[in-house]
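Heads up, there are several structures right after this.
Okay, so chain A shows up in both of these, paired with chain B first and chain C after.
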Partner chain A sequence: MDLQSLKKQENQRRIRKGFMWALFCAILWGLWYIPGTVVWVLNPFDEMYAEIAATNGDGMSLIITAVLITAFNALTVILALMVWNGVLGKFGEMKRTLKEFNPCSKWFFLASIFGGPIAILGSFIAMGFVGGAFAAVAALMYPVVGSILASKWYGEKISKRAFAGIIFIIIGGITIFGGGLLNEIGAGNVVWIGYIGGLMAAVGWGIEGAIAGKGLDIAEPDVGLTLRFLGENIIWWVIAVPILAILGFPMFKYALMVFEPLTMLVLVFAGITFGFCYVTWYKSFPLIGVGRGQGIGNLYGLFAVVFIALFFGDIPSWTILVGGALCLIGSSVMFSEDAGQLESLRGE
Partner chain B sequence: MAGNRPIKFRILELCNKSGGAWNYEVVKQIQKEYNLKSDYQRDSINFDLIELAACSLLKDVEAKVDEEGVYKKGFLLHKYVITDFGKARAANACLMYV
Partner chain C sequence: MVQTEAAMEAYNAYWMNSPLPAADVLWMVVILIVAILALWQARTFVSQF
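Showing the complex of A and B:
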């Protein structure tokens, strides 16, 4: 085989690997919506919601409970990531990267702000106020935010095909949003806070991806991601949970009550699916770019709808199916792009 | 100073010489400096090089087939040189150039 075709083959191998990571991300992300939905009806979160709702109203109660659930989610994720990095023998590199605050870890801590309090919390709000399927599909707009930022900020190339894929995903997203909104208005029950949660998820994850892409230039994905979750744990456990406790919410009372077997099991399942969905997400960025990684990662919406239908027997409404199909078409358009176009992900 | 900074930083430094550096040289050097002996770690370092090249921090200036098996027989060997973008990013990380 000549040099040129060997080079092409090697390039294709890298791109296939990148898409494979992104696809795993989508499947794991979709799976996460099962524990993410179930955990709300389990104790202590169920009791906590009821107690706060009685004094502060449903909306407030939902957000406060979401903070505690998200904090536990972050905690189980970091446990899963510590095991992962231990197996890969990357603690040394983690220490080296952590020490480089300005060039490296700064970006991952910033990513944790957008991915944590903004996106994940928004996703939980959407889930609690509107429903699991809505939350899963609401955030589908995030690759648009991510790829535009990555292109403006550090010149990541967006090809026509990638752009076409993104357009399909926007239309799909609007179909899903619009359909849900129409149904809610029809029922005379517009839960605005749920939709704001959906928007927070889309914008937060988009910004997170672009910021992480910048940090991942000169850091390892596994390590970078662990630092990002270190940041998120600090945000929840050192800042948010204590502040809410000082404000008089029963945070620690319920936090100490999670040691029930079923609750722990669901939290661990959430940590593993969420942790590894993030690992694969970050691993795909340097290989195929932030825009494509997020675009393919977007298939999580479909997987979530499928998994939720399988496990809970919720029949998705037709708008979600049409919107989901459009998102799938968009992602396929990106997936089938010629490898030669992707030799370098950025313009020089 | 060897082995103190993140691996990708050191890779950028090693590729910052006129004419560039071959991937197997860089991988060997890093393995020695960071005391990473296993085959898995060797592949992982090479993967860092691939990521850096995909993100345009490095550019491959020459490639040849590994006939003698200096790295992996039958696979491609790449000679990488740091790009301007890579230099800017490295300067941002306060890397010292020798």
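Showing the complex of A and C:
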């Protein structure tokens, strides 16, 4: 076999792996909705929600409780990522990357600001002030922001075919959540802060992907993502939670009450799904590019609906079936892209 | 702190309509299987690239 064929074969293998990681991300992200939903009804979060809602209203209570749940989620994600890096033998690499703050770690800490308090908090704000379907649709827009930024910032090539795939998946996602979205917006009592939250989610995750793509030029995704979550833990536990406690919210009271077997079990499974979904998302970027990685990762909308139907028994409506079909068309368009098109992810 | 009766009722209600048997345990098994598969693929990936 000549050098050219070997190069082509290697390239095809790299792309296959890239799509595989993005698909793992979508499946695990979809699965995350199971522990991510049920944790809200468990103690101490249900009591925390009730206590804050009684004095500050439902919207504010949802956001404050979400901050504590997200902080614990970030903590269990770090535990899951320690297992991931331990199995892969990457602790030495982690120490090296952490020491190299200027060329490496700063990108991941920056990514944690956009992914954590901007995107995740924005998503919860959208959920609290508009509704869950709107939050999901708003988040689906992030590959558009990510691919435009990656293209402008470091010349990542995004073919017309890949862009068409991303658009198909986004339209599919909008169709999936369409019924709920129309009901929520039609309800009439929508506050503008909910739309700001939706914008924060799309822009935050899009920027995070583009920044991570830059950091991943010189660092490993497994290690880079762990540092990104180290940054997010600092943001929640050193800044956000203490500030909210100073403002008078019972953050530490309920944080100390979380050590209950079922609550911990659900949080651990949320950590495994969220941590592994994020690490596979980051792993796909250097192999197929930020735009494609985020586009395929967007299939989480479809997987979330499927898993919710399977485990919660919520029967999908026809809009979900049509949206699912559109998502599958979009993925096929991207999967079937000629490997030669993806040989170089960046513009020369 | 232990779970209150109301919290356990709300938790168990999630799995009541599932078409799958033992859905309250099965979701954890599915997550573990997918997570182990991903970890196994990551190990293979490290040795290949």
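Observations, loosely collected:
Basically, the second predicted complex is superposed on the first by the 301 of 348 C-alpha atoms of A that agree within 3 Å, B and C clash if a C-alpha of one lies under 4 Å from a C-alpha of the other, contacts with A are read in each partner's own complex, and residues count from 1 in each chain.
Basically, a contact is a pair of C-beta atoms (placed from the backbone, for glycine too) under 8 Å apart; a residue touches a chain by one contact, two chains touch by 3 or more.
The structure displayed is predicted, hence computed values, not measured ones.
Of the two partner chains, chain B is the only one that A:Ile218 touches; chain C does not reach it.
When both complexes are overlaid on chain A, the residue A:Thr97 reaches chain B alone and has no touch with chain C.
After overlaying the two complexes on the shared chain, residue contacts for A:Thr175 are found with neither chain B nor chain C. Once chain A of one complex is fitted onto chain A of the other, the partner contacts of A:Leu3 are limited to chain B, with no touch recorded for chain C. Judged by the number of chain A residues each one touches, C leads among chain B and chain C. Looking at chain A, you'll find residues 14, 88-89 touch chain B in one structure and chain C in the other. Chain A meets chain B in the complex at residues 3, 6-7, 10, 14, 88-89, 92-93, 96-97, 100, 102-104, 216-221, 223, 286-287, 344-348.
Residues 4-9, 12, 34, 41, 44, 48, 50-57, 59, 63-65, 75-76, 83-85, 89-90, 92-94 of chain B are the ones touching chain A in the complex.
Considering their complex, residues 13-14, 17, 20, 24, 27-28, 31, 34-35, 37-38, 41-44, 46-47, 84, 87-89, 222, 257, 259-260, 262-263, 265, 269, 272-273, 276, 280, 283, 307, 310-314 of chain A touch chain C. Of all the residues in chain C, the ones that touch chain A in their complex are 1-4, 6-7, 10-11, 14-20, 23, 26-28, 30-32, 34-35, 37-39, 41-43, 45-46, 48-49.
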